[in-house]
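Residue numbering begins at 1 within each chain, and the chains themselves are lettered A, B, C and D in the order written.
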Amino acid sequence: MNFKHKYVFLFPGLFVLIGILIFPIIFTIRLSLSGWNSYTPEMNFIGITNYIRLFTDDPRFWESFFRLSFLSVTTVILQYIIGFALALIVWREIKFKRFFRVIFLIPMMTTPVIMTVIWRTFFHESLGPVNDLLGNLGVKPILWLSDPVIAKFTVIIVEVWQWTPFMFLLLLAGLLSLPKEPFLAAAIDGASPFRKFVYVTFPLMAPISIGAIIIRLIEASKIMDTVFVLTSGGPGTATETSSFYIYIKGLREFQMGYAATLSFTYLVIMIISLTIIAKVLTKLMIKE
Amino acid sequence: MEKLYKFLKYTFIILWTVFIVAPFLWAISTSFKDFQSVNSKVTYIPWLDFEPTLEGWRVLVKSPARGGVDIVEPYFNSLFVTCTASLISIVLGTLAAYALSRFTFKAGFVRNNDITFFFISQRIMPPIVLSIPFFIFLSTIGLLDSLIGLVVVYIVLLMPIAVWIMVDFFNRVPKELDETALIDGCNPYQAFYKVVLPNSIPGLIVAGMFCIIFGWIDFFFAFILTFTEVQLLPVKVVALNSSITPWWSLSASALISVAPLIIVAFVVERYLSKGNLSGALK
Amino acid sequence: MNLVAKNLTYKPDDQYHLNDVSFNFEKGRLYTILGRTLSGKTTLLKTIAGLLNPDSGNINFEDKNFSKVPVWERNVAMVYQQFINYPHLSVYENISFPLKQRKLNEEDIKKNVDDALKTVGLVGFENRKIQELSGGQQQRVALARSLAKKAKILLLDEPLVNLDYKLREQLREEFKTIFNEGLANETILIYSTTDPQEVMELNGEVIVLDEGKVLQTGPAKDIFENPINLKVAEISNDPPMNIINGLKIDGKITFENINIKLPKHLSQLDNKNYNFGIRSSEIKLDDSGEEFEIELAEISGSETLLHLKRGSTKVIALIEEVMNFKIHEKVKVEFNSDKFYVFAEDGKLISSPYRIKNG
Amino acid sequence: MKTIKTCVTALISALLVFSPVAYADKWSDQFPHIKATGDIPGECSYESMSKKNYKGKTLKINTHAVPVMGEPTALHAEQFAKLTGAKVDVTHTPAGDLYAKAMVPFQAGQAPYDIVFGFSNFINDWKRYLEPVPKKYVEMKQMQDVTPSHIGIASWDGVMYQFPVDGDRHYLKYRKDVIDNPKYQKKYKADTGKELRVPQTWKEYGEMAAYFNGWDWDGDGEKEYGSAEVMKKDDLMYAAFYSRSAAYSKNPKTPGGFFFDLKTMKPLINNPGFVEALTDWVAATKYVPPGGINFGLGDEIGSFGGGQTLFSFSWDDAFVAAMQPDSPINNKVGAAQLPGAMKVWNRTTNSWDEGFNQAPFFVWGWAVGVAKKSKEKEMAFDYLCFFANEANHQADIGIGRFGVNPFRNDDFKADVWTQIGWDKDIAQSYVDTLAQMEESKNRVFPLRVPGTFEFNAALATAAAKALAGQLSPQAALDEAAKQWEDILNRVGKDNVRKAYSVGVAMEDNKL
């Protein structure tokens, strides 16, 4: 269909979005070419000095970026596997099905910045319940928040708790809308549950899976509240992610110009890599 | 084999349920504690392990002058901003999604998919990237520290979600449906609101739900873009995080802030069970 | 006062959906568009409805340029192969929907809807929800909606294809009656299908479409008897006409070591290689016939389709009873050489059993 | 909405506010907060404020989260509103974001707040957006009592930008019931051959903390640990590090810079003095409670205040909190100056000077200023003046969670503290400790130069890496020093030197 009316549908949303965003984006680009900081709050022009600094003299940003990649990919994979498993279980008849479904949805309704405070007390190494209960079993206190390696996994645990429901919801809804015929056919062929999953369920779910994974990757790459409250990027810089690093540079140290450089670079990298990931996933999961 | 499978299945979901519920139980317990019961040793059960107190809950309605946070007004502010921004995002996002699903757009190298990606890509930006420019932007148009200003910003946050879900949804609604409406004498607008819209309620519910969730849980923009006039719930709760962390009142406020969205969880589940949402989320 | 199309071309990507299509449809008549899936049938109907704008060419209706008229003002009706109704409305509301759009008064609406319900046999279903109906009933509602509208152009896009075999038969019968009785003489009825049998039974004016191009037009009987080339012969037969590459030598036709006596109507043919066409129904099991190997045996309704092979020649035979065969089994078949078509190497029809007969 | 809120608030208030004991003073009847002293006459007393009329005006304040500094701000705002008829809006912000929350609007040319709270080392970045305290307030009686070091902290080049409301410093807190316990003294001597006493050096501190780490020494059935310290990056941990470094690096023989050599502007933070301190600190990760490496200030206060550790060193808050009547270790804590060292680095001779050295660390605490662009400056200063009036101040310093600490000569008298229930000797040791710090000629103030945040963040990041074992102390500090050079180049050496020279004058107590 092609009517001139199509613009009436598209343009309000598009222009509102562009209208709200155009200034911030141009501003960020311009800011990234300035040396705006706490002592010289001016939109002066310093060329690509900031970019040179970023690419030649800021390993911390790149470390934080790789750390972010590790954290977001790991959390999303875990969320996908667990979410899919949960969805498969409550898809079919099971006792207290609806109860479980509601329970499984709840974590994503909580505000991360508030919930993470609870997690911090939960994982508190000497005053939290986890180490205390483990202590009763004779396990030595685990340094949930203060060991550089374990702290990463604590962040992952909290993220998985918070966002697996999102994956679960998308995948469960996907399962519920699958056509029945292929399953009947597989049942007639006497396929085992495992084969049924590999040859029927999974291929049918591939497009939904890709959408869910990409959206979760987008969201997971912004991970910040959790790190902020849980570990402040510590110990050392062990849990610092890109957006948290940008936050530190921008709002803690007030190097606005440089933070804008980081932001813009980050955006470009993210858009490119997410596009590539989407393409690769499509190739891998959908067999034509 | 069958039995083992069943055993594993139930073990898995029960363990997961415990994992999900554990922090809430901990928060409930903590919300009745005081400094002593938190800082001397780990305690779990009121009366048995420690003497419960309502102090943590009282803090939520006390004025700051008495060490409280008074979350009543922020609560309503949060509700207002979240719902208004969600509503506007859904209206605009649904229209745009309909256009992207049904019509072909060409401008230079830009095609429908690129426009859709443009919408969704707004979610890639971490709030920190946008917060300062938004500050300048809102201060220029005089909307800093106002509910409307927050609504404007939240539209950017939420419209991509609405577009993402609704494009997907409309792609699943046969386009012959709207064509039939056109043939039956509706112009495109009539076809949209007389035929497409009434058949998109599941999609709208899902989109609305996601918008509300993502609006409700935002902290960063609310934090940067407000001063004294308007305070949103998460900002207010985080303001409890003083150099002495009052675990008890933080726990209480965490529980309170989750409450309204638990209703959302029930609504979603109901629609899921009726099978209404399946098409919408697929 | 006709629906006239001139040189319609539509090529949204690399492929032609419509390629220089022209026609002149008269009121009060039935036109069937025959073509395989993706041959451009739906595109053509949508273009007539106004849902698509052709890249070039134009359509005139009642001497007015139709391209300027938006779809919602064209007064056409369309039934899709998917059973498209308004899921949020009841049966009655569905059928009255276009009438309300046209702001008819309540009485007229009721009368029209009742008539249409009667025609399609759904009286008493007024308040049902669409989801509660079977596929066949849903399609009847869609049909009723287009009938009630009394549109000047009624488009049916493979309306029966998604129904099961029995229902299809039944509805097809009903269609004939409906089309004959239920339609005002004012209406141009355009019916697209992939099924040659449907074309034959509806017996209207046929347009054979392939890759967006009109291959042949004419009464159904003509198309069936004298397909102008191989393509049409394939499209207008189900199963498609068997094509056998053979050599005509003097009094016989030879292929795969089989010699068939030259039928009378081909006596004029020069000695050389031809594509011989024969319908599946003209190949019969016969113990005195030639030996072929069974590649596949399909049972469809009360018939059996045998996919046969001999050397590099593959044919399909239609047996009018249900029989069981084993794959790779050898069977003997006889070709009814009186029904041989002859096509040139480039596909053009050279000779047909009917043309000869007709003189 | 408003009505509901008011109703709820009224209901709760009615339940919570106990009726005040009748006092002769009419103000303490109305404001139970000052019931201990009643109104004390002065320029900004309750009496004086009640004569002002700010009806129809609104005062906007950004302060710290409740309760530390946040609660007194809100409390005094409420009192101020009652007295003058003004409307006072208070927002509460977590400590880490106070700087940005004020700085963002400042730089955008906005003044959403009339009054902004922060830390005193923000002064260099903030001063151009702050209104100097008018002469009238500088000269009044209330201000005369403020100690010179706190006047210095609030001022820049002789101009007072911040209104003194709080005084802060780091000092040592220890468990009296252990250190002064003859049983433990004997046991310690027997086990280690050393005296158990208030630690004089960081080495002693470390030995004792390690000795008392990981066993139940107060008999409550739970394990106790050696020390609670702020080790969490970005949470004021740089201050803890400077506290531990001062004795090793602040050499009275080499004035002219602790952080930089004022002459060359070469960062000093990777010299052996600092490395020694960081090495000590890395060793300290062995005697902090589990997770102690991730403690913020709140955790530190909670841990020591909850009776979990033997030592702690940082702000007064922990001490005052521990001395609250409902505290489990009420009257079981002692205060002392930060430990010293038996050697101190001499950067002129490039060698260690042997002998005992000690250098107190004045961590400037809460500071508050009035925005230049504010439309209600007079009211704003009146409010601050009222906040710090004598009656309010005396009531505030006794409440640990308020975070208001001594900065007036009057505060350094033991009876102020015995009045609120402290043991006499504890009160005495406390005021002595504070007074000694005021008099010291060899002390350290945190950096307040352009780019303070960047310098501190770079140092904190490096120190955190060392604590986490990612880098050796030397490598970590070398990395920090390199970053300091980069920051210096970006900011401009002369800018930093000019600002730092003000600080150096205070370090060497030449004011």
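Note that in this section a residue touches a chain if its C-beta (ideal position, glycine included) is under 8 Å from a C-beta of that chain, and two chains touch if they have at least 3 such contacts.
Since we're looking at a predicted model, the values are computed, not measured.
Of all the chains, the one whose CA centre sits at the greatest distance from that of chain B is C.
Per-pair tallies of C-beta contacts place A-B first. If each chain is reduced to the centroid of its CA atoms, chain A and chain B end up 15 Å from each other.
Computed centre separation for the pair chain A/chain D is 38 angstrom, with centres defined by C-alpha atoms.
With centres set at the average Cα position, the gap from chain C to chain D is 89 Å. Averaging Cα coordinates per chain places chain A and chain C 53 Å apart.
Annotation for chain A: residues touching 2 or more other chains are 1-3, 127, 251, 256.
Along chain B, residues 38-39, 41, 132, 136, 179, 182, 187, 238, 241, 245 each make contact with two or more other chains. For chain D, residues touching at least two other chains, in rising order: 97, 100, 104, 296, 302-303, 306, 308. On the side of chain D, the complex with chain A involves touching residues 96-97, 99-100, 103-104, 107, 124-125, 225, 232-235, 289-294, 296, 302-303, 306, 308, 450-451, 453-454, 457, 461, 464-465, 467-470, 486, 490-491, 495. Contact residues of chain B toward chain A in the complex are 5, 9, 12-13, 16-17, 19-23, 26-27, 30, 38-39, 41-42, 44, 92-93, 95-96, 98-100, 102-105, 115, 117, 119-134, 136-137, 140, 152-153, 155-156, 159, 163-164, 168, 175, 178-179, 182, 187-189, 192, 206, 213, 216-217, 219-220, 233-234, 237-238, 241, 245, 247, 250-251, 253-254, 257-258, 261-262, 264-266, 268-269, 272-273, 275, 277-282. Those residues of chain D that touch chain B in the complex are listed here as 1-2, 4-5, 8-9, 12-13, 16, 60-62, 64-68, 70-71, 73-75, 77-78, 89-95, 97, 100, 104-105, 108, 110, 112-113, 220-222, 296-299, 301-303, 305-308, 317, 321, 326, 328, 401, 403.
On chain A, the positions that touch chain B within their shared complex are 1-3, 5-10, 12-14, 16-17, 20-21, 23-25, 27-28, 31, 82, 85-86, 89-90, 94, 98, 100-115, 117-119, 121-122, 127-129, 132, 161, 169-170, 172-174, 176-177, 193, 208, 211, 215, 218-219, 221-222, 224-225, 242-243, 246-247, 250-251, 256, 259-260, 263, 266-267, 270-271, 274-275. Chain contact summary for the complex, chain A toward chain D: residues 35-39, 41, 57, 60, 124-127, 131, 141, 143-146, 148, 151, 231-238, 248, 251-256.
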